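I am attaching a structure below and will ask some questions about it afterwards.
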Amino acid sequence: MRAPGGDTRLAPGDVLLSVEGVSLSFGGVKAITDVSFDIRKGEIRAIIGPNGAGKTSMLNVINGFYHPQQGRITFKGATRQKMRPSVAAAQGIARTFQNVALFKGMSTLDNIMAGRTLKMRSPFFWQLFRHGPALTEEIAHRKVVEEIIDFLEIQAIRKTPVGKLPYGLQKRVELGRALAMQPDLLLLDEPMAGMNLEEKEDMSRFILDVNNQYGTTIALIEHDMGVVMDLSDRVVVLEYGRKIADGAPDEVKRNKQVIDAYLGVPH
Amino acid sequence: AAPAAAQESIYVPLLTYRTGPFAGSGIPIADGMADYLRMLNERDGGIGGVKLVVEECETGYDTKKGVECYESVKGKNPVVVNPYSTGITLQLIPKAAVDKIPILSMSYGLSASADGNTFPWVFIPPVTYWDGASVFIQHVAQTEGGFDKLKGKTIGLIHLDAPYGKEPIPVLEKLAQTYGFTLKLYPIAAQDMQNQSSTWLNIRRDRPNWIYIQGWGAMNPTAVKEAAKNNFPMDHLVGVWFAGGDDDARGGGDQAKGYKALNYHQAGTDFQALKDIQKFIVDKGLSKAPKDKVGENLYNRGVYNSMLIAEGIANAQKITGKKAVAPEDVRRGLEAMNITEARLKELGLEGFGSTVKLSCEDHSGHNKVFIHQWDGAKWVKASDWIAPQKDVVRPMLEASAKEYAASNAGWPKRTEPCEKSS
Amino acid sequence: MSASVQPSPASAPDTILAVNNIEVVYDHVILVLKGVSLTVPRGGIVALLGANGAGKTTTLKAISNLLRAERGEVTKGTIEFAGERVDRLTPNELVRRGCIQVMEGRHCFGHLTIEENLLTGAFTRRDGQAAIKRDLEAIYDYFPRLRQRRTSMAGYTSGGEQQMCAIGRAMMSRPRMILLDEPSMGLAPQVVEEIFEIVRALNARESVSFLLAEQNTNIALRYATYGYILETGRVVMDGAADSLRENEDVKEFYLGVAGDDRKSFREVKSYKRRKRWLA
Amino acid sequence: MVDAPDLLVQTIWEGLVSGVLYALIALGFVLIFKASGVFNFAQGIMVVFAALTLVGLHEMGVPALLALVLAVGVMFVLAVGVERFVLRPLVNQPDIILFMATFGITYVLIGLGELVFGGNPKQMIDEQLFLPKGAIELKMLGGFVSLQKIDIAAAVIAAAMIAALAFFFQHTRIGRALRAVADSHKAALSVGISLNQIWVIVWFTAGVVALVTGIMWGARSDVSFALSTIALKALPVLILGGFTSVPGAIVGGLIIGVGEKIGEFYWGPLVGGGIESWLAYFIALAFLLFRPQGLFGEKIIERI
Amino acid sequence: MFYREAGQYKTSYAADMAIFPLLQDRIGIAVILAVLFVGVPLFASEFLISTVMIPTLVFSLAAIGLNVLTGYTGLISLGTGAFMGVGAYACYKLTTYFPGVNIIVWIVASGFFSAAVGVVFGLPSLRIKGFYLAVATLAAQFFLQWCFVRVPWLYNYNASGAIEVPLRTLFGLPVTGPNATPEARYLVLLSIVVGLTWFASNLVHGRVGRSWMAVRDMDIAAELMGIRLLPTKLLAFAVSSFYAGVAGAAMMFLWYGGGEANDAFNINQSFLILFMVIIGGLGSLIGSFFGAAFISILPTVLKFGLPAMGVPLGGATAEHITYLVVGGLIIFFLVVEPHGLARLWQIGKQKLRIWPFPY
């Protein structure tokens, strides 16, 4: 699915993205206060925390939708403070959303194809004729997309407008759309909310496969501790916008502060 | 109006507008037009013994609908078409020569179409807007005490910001040069017809001595009201004939007293033909017009218009000897039109309107106009008949007609033979 | 919990909600429910389980009459609430009769503050400002997070906060029955637990009945008394919560326990073919 | 610039007056938008229709005050009709569809109004309704400023209405429900807000506002459907003030009114006049570039 | 029964991506084109061609343009009328400056001028959204309309202030001007419409169309996926205004044959086109045709049809009733199917597919 070599300078285990001292507030609301952590290439990094802790906001900062008042983000060695989201996308950051943000009027296929827009280059002129380079390109990308569709087992809903799909499938299509961008860093915001066990298992499988087979780095927000503990390599815990713990799942699980703030009972 | 009936009847479509933003002016005109023709049917059994089939087609003063109306009546062998809107007329002018259907645009439409050599199928009697403007200036000169008094005066033109409204500008500009007055233009966009306060503030600043209104519909009463509000002397406010409706003045209330407008026919019902309309149509409940509206200025405008149609047809019958005349015949009939005082009397319209004499070259006649004045309740004649400055207007018209033909590449040369004037 | 009453669908007086063999069509052509029947006993907590797209949400919307707003239609069958046919009522009339739905996917009023959101829940109430105020406080006690954010516009709050707001808003109408669609979605584990405790408390104290569509089968069956399992628009299995929890198929597909141990998500090696209870 | 100071004063006064009248139209619009999220294109037509009903009934021989009551009644029937036949079946549809439906209403009202009362313009029965007539002429600054009494009345009435409505929206139960409905039909339904009832209330209120507006406008010019084109001027007022803000309507109205009068008066002649037809939109656009939701509009929520 | 896709398997992506993947649809299109190109000019009356077919085609073109903007990109515009006007004046100026070049070239080329103007007025769309943008586009409408009157250069300083359509020929046959037969004008127009529809269809089915729809459905998500909003929106404005411009030029030159352009391209025109797009179906090309046909034919049918059917109505009353009926029908169709005639059509086809079963 993914031609190797999107970025060859970093070896697995190197820091792909680092967040240093980021603070973000909206008027009086402090969504994030002085948070630092890093994401290494090839890992699955979970971000957990109680509701309103600032997890989604953190992802929004990472892909340029929110601009932090303080702090620095370094991605692939390049530091930035402010960036248009489309630029972040071009650099290789893709994501899914907590409240499904699919293009509701479009079919599954078109949604995932839309994920490839950045990679399509044929000139407007040929688009008019849907011929020559435009057609070749369209077919090439369609192949990639079909692979993703096969991979996610959503062949049957290829042509269904996504607005009509049940929630769980929408989440899957959203994952497909993010995958179509062939990102270096994939941000998943509660990909398994509203899924039953079987579907969570499927989704876990997909996430692991993306991670293993294509070496995509993943940042994952999830409230299902089973999933988080099983899948992730390292976990960062936020509460009220502050980082309260960071480490391997087992460590975090036993952290008293984390238990009080979030887990309730030890898992 | 089936084609089969064409032998025994003459089909006269009337493009009218009883709806839309200008319905207020359109309704009385439509009533007047229809009632006069129907009266001929009732009283005389038509024209020359041939019944008229009168059919209204609603345009809403909308060009698109108007053209659609034209297309729909075109197939039914109409002897003459009355577009009743400058926009629609402009649209139909090129078609007329091709479809061979005469267009009668009575004192509206394209002023240049007075040139019969270029526009053999278009008629614009009894006057054009250009004539109107020149009459207005003459009236100003008369009131001020001579043309030399115009020098240094400021004259304003409030006009609808559309081709219709802009018609008088070239003539006024020319006259301004000749007589040395300053011309100020106050355009009013169609959507601001009822929202003229800033225009009138400008007028207050510029202090023009006279104002001419080339307006239509709701624009006129609003202008009259604003004039009153801004203490503009009413008798220095003069409307073109289409700004002389009863409702236009009535809207201004008492303060509108003294407001003037050009006209080429009288208001009221003191004419035999109008009495006949009342007798044969209105009293029998055949008219759409409320009884008290008969004889109002715009109603009578409709009557006058239909009188021209009827004369065109009657002339055609006379020239050709046919009874059920064809469009081409009526074109000839119109070209040969010569309505004298005597003829008006015959028609039961003595003193009612201006005389009309058309010819092969002159499709307008540039006939006489007078000043109407609102006395607070009705229009009264406030001047003698004034002849337009044909010497000024005519050359301009002809030049303009040439230009038109030139810019419409392939404009047909006149091939229709000229009629000996009857 | 396990010692609760076994509802019997036939016992009409004890039944607060009875859905009889309904069929639902979207857009005049898409048949989604193909004859679903279920009953909720007065004071019962009934869980509606099933995979994505099974039709849980559709069933709940059919009951609360929100379907029409999405161009869906109940083409067959009847729905009775408290012994009265309700399938022709407006949602508003149903809320007045004491049945309210918490919709899947939050649906807070984005431009209203959290507090205003909660107050809209009391729209149909007629018992005076004081009582409403009291309940508002009670909700803030249930969800302290909401108290903190009471003056924020709901549109800006986090997903979980919105979910709490939606549930609190429904509670503000003092219903006799709540239709809960995926209450646990997007909530922190602690809060999920709390929500179900609230459900239990309301049920016990004020005998509010619940019909909940929930993906988190584990917790749903722990709190519910009875369960229905829906697959592609049909009820394929139903029974008391305990018995469902013991059922092997349910265990495998919904609870994720093989034998005694919970499997790790990492170990789900190949994709399972779905096994269906299809007829 | 100020070569005639009395004219400047008069210009500002005229601007304020038209601003108030624009604001009145905008107000009816805001009501409906706020309460149902419907961009009610028919508001302008409703103004004419209401006034036409009033005048038309009077023309048919109904005494003025009774005609006023009947016109209010007609607006109520209209509200019920709109709710029953348009809004109810279109609940939860995209905004643009509802917008489109109000075009349908526009057509129906034009057709109905002209069919019943005829298309010719009518005089407003301001005297019978005890509205003041005439003007106060103030000699000042070497000239005069004339204030029409009817305009003063309009300003007073508008101020009162706007204050009442602003209070109603922010501080009452129904007001809150209205805003909820505007946010999401679906969610509003789910919490038991009776959309039907709300819509009737709101459209009726908007109808009454339209009637008042119609009387005021009608007294300045006359009552005909040509008037509805002026109603378009309410649109820049709306975007300037914000679709959802009652005070925004009045502030927007005043800014637009004064802005366009001054613009036309001082700069219009430089380019041949008539710039009033578009100036209002550019003024609104300029403000909008800095506040895309209008001066007082609800903030556009962008969150993901 | 006959409308089943069963057995038609796609063996390549290219085949699956075809715009009409079903054989039945392709045959249908061929038949329709044959009727339009051959049947109509041969058998239809002049009245039918000039008051039904030509207006419908012109409006279809404008509706496609607006659909690109509103239906596909989600930007509501109330300035279509003015953009049409820009096209008409551009064509007028071009053909008077370069009378030698074929008029059809200029009709199409005039689209570029309105595209440019469209882009300028599309700039605020970066910040302004929804109905706020819709009202902002009215600035374009009124400003341009003002220019049409106020800039005499546009109408070549002629006295009538109107566009005067000169005689122009194609292969020696007059296609514009009073001597052009309705059939000739119709065929020229039809060719333009078919060609531009094909382009539009290619665009919306490819990358460009997907970015438009992405921006429409969820602009934030689109931006986070790397679709740059401003260029995408401006492109939509450009393409949309291009179509509007060509429609405007076609309207003046192939339908009206000249006239008061200020009046023809007024605000009502803009609204009318918006009607068509919504009634026809947002985001559907075929819907644009349905909508254009519906809105342009319905009043004509009512106006000339009712009396022909023996309903005796005076002109004005008929007009009022037409208003009532058109308004009522707009509401009726929206209620029946808010997604427009195109969706009704689709549902109809779907029902046909599963016939004789209800679902």
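Order of writing sets the chain letters: A, B, C, D and E. Residues in each chain are counted from 1.
Throughout what follows, a contact is a pair of C-beta atoms (placed from the backbone, for glycine too) under 8 Å apart; a residue touches a chain by one contact, two chains touch by 3 or more.
For clarity, every value in this text was computed on a predicted model and none was experimentally measured.
The chains in contact with chain C and with chain E alike are A, D. C-beta contact counts were set side by side for A-D and B-D; B-D has more.
Per-chain Cα centroids separate chain B from chain E by 37 Å. A straight line joining the Cα centres of chain A and chain B is 74 Å long.
Between chain C and chain D, the centres computed from C-alpha atoms are 44 Å apart.
Note on chain placement: the centre of chain B and the centre of chain C lie 75 Å apart, centres being C-alpha means.
Among the residues of chain E, those in touch with two or more other chains are 142, 146, 149-150, 220-221, 224, 267, 316, 320, 323. The residues of chain C that reach two or more other chains are 30, 156, listed in rising order.
In chain D, the positions touching at least two other chains are 114, 119, 232, 272, 274, 277, 304.
Taken together, the chains touch in the following pairs: A-C, A-D, A-E, B-D, B-E, C-D, C-E, D-E. Residue ranges of chain D in contact with chain E, taken from their complex: 39, 85-86, 89-90, 93-97, 99-101, 103-112, 114-115, 119, 232, 235-236, 238-239, 243, 271-272, 274-275, 277-278, 281-282, 284-285, 288-289, 292-294, 297, 300, 302, 304. Contact residues on chain A toward chain C in their complex (touch as defined above): 26, 29, 49-53, 56, 98-99, 153, 164-169, 190, 193-202, 204-205, 208, 223-227, 230-231, 262-265, 267. The touching residues of chain D, when paired with chain B in their complex, are 3-4, 7, 10-11, 14, 17-18, 114, 118-121, 123, 135, 144, 146, 148, 217, 220-222, 224-227, 229-230, 232-233, 260-261, 264-265, 268-269, 272-274, 276-277. Listing the residues of chain A that touch chain E in their complex gives 63-65, 84-86, 88-90, 94-95, 97, 101-106, 110, 113-115, 117-118, 120, 122, 124, 127-130, 134-135, 137-139, 142-143, 146, 177, 181. By the touch criterion stated above, chain C contacts chain D in their complex at residues 64, 66, 68-70, 90-92, 94-96, 100-103, 107-112, 116-117, 119-121, 123-124, 153, 155-156, 169-170, 173.
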